[in-house]
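Sharing a structure with you now.
In this document, chain identifiers A, B, C and D correspond to the written order of the chains, with residue numbering beginning at 1 in each.
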Amino acid sequence: MSFVLELPVRFAHVDAAGIVFYPRYFEMINAAVEEWFAARTGVSFGDLHLARRHGLPTVALESRFVAPSRLGDVLEIEVVLSKIGRTSCDVTYRISSEGDDRVIASAVLVHINLDTGQAMPWPDDLRDRLVRNDPIRLPMAA
Amino acid sequence: MSFVLELPVRFAHVDAAGIVFYPRYFEMINAAVEEWFAARTGVSFGDLHLARRHGLPTVALESRFVAPSRLGDVLEIEVVLSKIGRTSCDVTYRISSEGDDRVIASAVLVHINLDTGQAMPWPDDLRDRLVRNDPIRLPMAA
Amino acid sequence: MSFVLELPVRFAHVDAAGIVFYPRYFEMINAAVEEWFAARTGVSFGDLHLARRHGLPTVALESRFVAPSRLGDVLEIEVVLSKIGRTSCDVTYRISSEGDDRVIASAVLVHINLDTGQAMPWPDDLRDRLVRNDPIRLPMAA
Amino acid sequence: MSFVLELPVRFAHVDAAGIVFYPRYFEMINAAVEEWFAARTGVSFGDLHLARRHGLPTVALESRFVAPSRLGDVLEIEVVLSKIGRTSCDVTYRISSEGDDRVIASAVLVHINLDTGQAMPWPDDLRDRLVRNDPIRLPMAA
């Protein structure tokens, strides 16, 4: 079952044109990643960073802004794990409102040691829970 | 019954010291004001601004930052109407986490015409609903 | 001559890991686009939006976060026009500090009518000045 | 001589009403405090936090939003030390544009140990340089 965080478009998100200023979409996406990670693994972002001293920075990002969002729209931010490697994972994001796509994006997240900044292999418990709870969706075979 | 919006402290809110960067509290407070206003009056901030072309800017603000908030804390943001005038209102804010105060603030909001920027009297429907649904709390008599 | 905006990494930009939170890079990039556009065309973003009622939203974005940036780093944000079409343009961004790359990105910006949200051809004056003042850099022939 | 940081109002600062969203003023004020502190003491905010492990959080804040600021306005943010105690100081802020007041504010900043969160006396070097370089302005005698 896919993971979705629902967020309203607020005053803080829109610009002088009355539509969401695109860096705010990435704040929303980051909020969704925090919730998705905690829901999938049982480890909150607070614990990951402060207790475990691990991080999950975004190292690559692609996005298309398909249609504008306005003050008061309720956005659904979907996070899907699309691939998992030894120290990183690929995720796709879809922001929509009432079925209408707004942003389609994908990112590579790397699991790092916060003290050294170096990539580190996923701990088995986290990796297992990510894969088990967010079954990777393979593209349909031809 | 008091109005409370619950928000988690997210990565986007904290600074290098690991605690909420104070301008983010005001973004949270603004989110709470949007929800409070819509809940009390039935008019969303989107409709207020885009359809009615009215606004509700903050013209004065006082706040005390009582204790720091950390990544993962769940904050309760309470909004209480403390006074209502012809064109403005006074509100008080209390941000707390599990009963522990974090920020105590108060503000003056003015009802304006967005096109002229001038203060304008509350429409009766809005004023009535604000007062009826958020009974002004008077300080206890001695 | 390439266009560069210099910005210090501030408290507002960094997260609990002490490094720039990636949505803040896009706020910096947007600041650089505003300055670049005004420098190249002589039209400020304020005039573009408020007087002309035109906009320049980002419709696609790709970025790689090559290395982290820390509080106090001084960042150079370079904006280069790489292609210009009838209603849009491609730009590349490079954020670096003392020659050390931090973010490499590219985007497609579309010239729109703010009132209809529709793409519209570049006015000749803007297009001419963009091309003349930011000579498009072609990849070197083999 | 008073300390002033000049900042343009950018897209990222304004809201759907086309004017600066007030939490953004506090981000600007915080930027000015960083620059003021470094200019007065010779210690950057990066060094203060990361090397010395000290912080300077705002514990109380009062502000009046006197007039709106628009996209493209150039703001002057003045920071003045008005009082210094054993572990804290009072500062006043004035944001204006071409002599026209926009925000008048004052704050109490406390010098803390980042690891314990406790207030700590100013080191003599910092206190001396703050006082010497930002002579405290006393209200005129009657």
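In the analysis below, contacts are C-beta pairs under 8 Å (C-beta built on N, C-alpha and C of every residue); 3 or more make two chains touch, one makes a residue touch a chain.
Since we're looking at a predicted model, the values are computed, not measured.
> So using the touch definition from the top, which pair is joined by more C-beta contacts, A-C or C-D?
A-C
> Turning subunit A onto subunit B with a C-alpha fit: angle in degrees, nearest 5?
Angle of the fitting rotation, subunit A to subunit B: 180 degrees.
> How many angstrom between the C-alpha centroids of subunit D and subunit C?
Taking the mean C-alpha position of each chain, the two centres sit 29 Å apart.
> How many angstrom lie between the centres of subunit B and subunit C, each centre taken as the mean Cα position?
Roughly 35 Å separates the two chain centres.
> How many angstrom lie between the CA centroids of subunit A and subunit C, rounded to a whole number?
24
> What parts of subunit B, by residue number, touch at least two of the other chains?
Residue numbers touching two or more other chains: 11-12, 16, 18, 21, 23, 27, 30, 49-50, 71.
> Under the stated contact criterion, what part of subunit C meets subunit A in this complex?
By the definition above, subunit C touches subunit A via 16-17, 19, 21-24, 26-27, 30, 49-50, 55, 57-65, 68, 114, 117.
> Can you list the subunit A residues touching subunit B in their complex?
It comes out as residues 8-12, 18, 27, 30-31, 34, 44-47, 49-50, 70-73.
> If we count contacts the way the header does, which residues on subunit A are in touch with subunit D in the complex?
Interface residues on the subunit A side: 11-12, 14-16, 18, 21, 23, 71.
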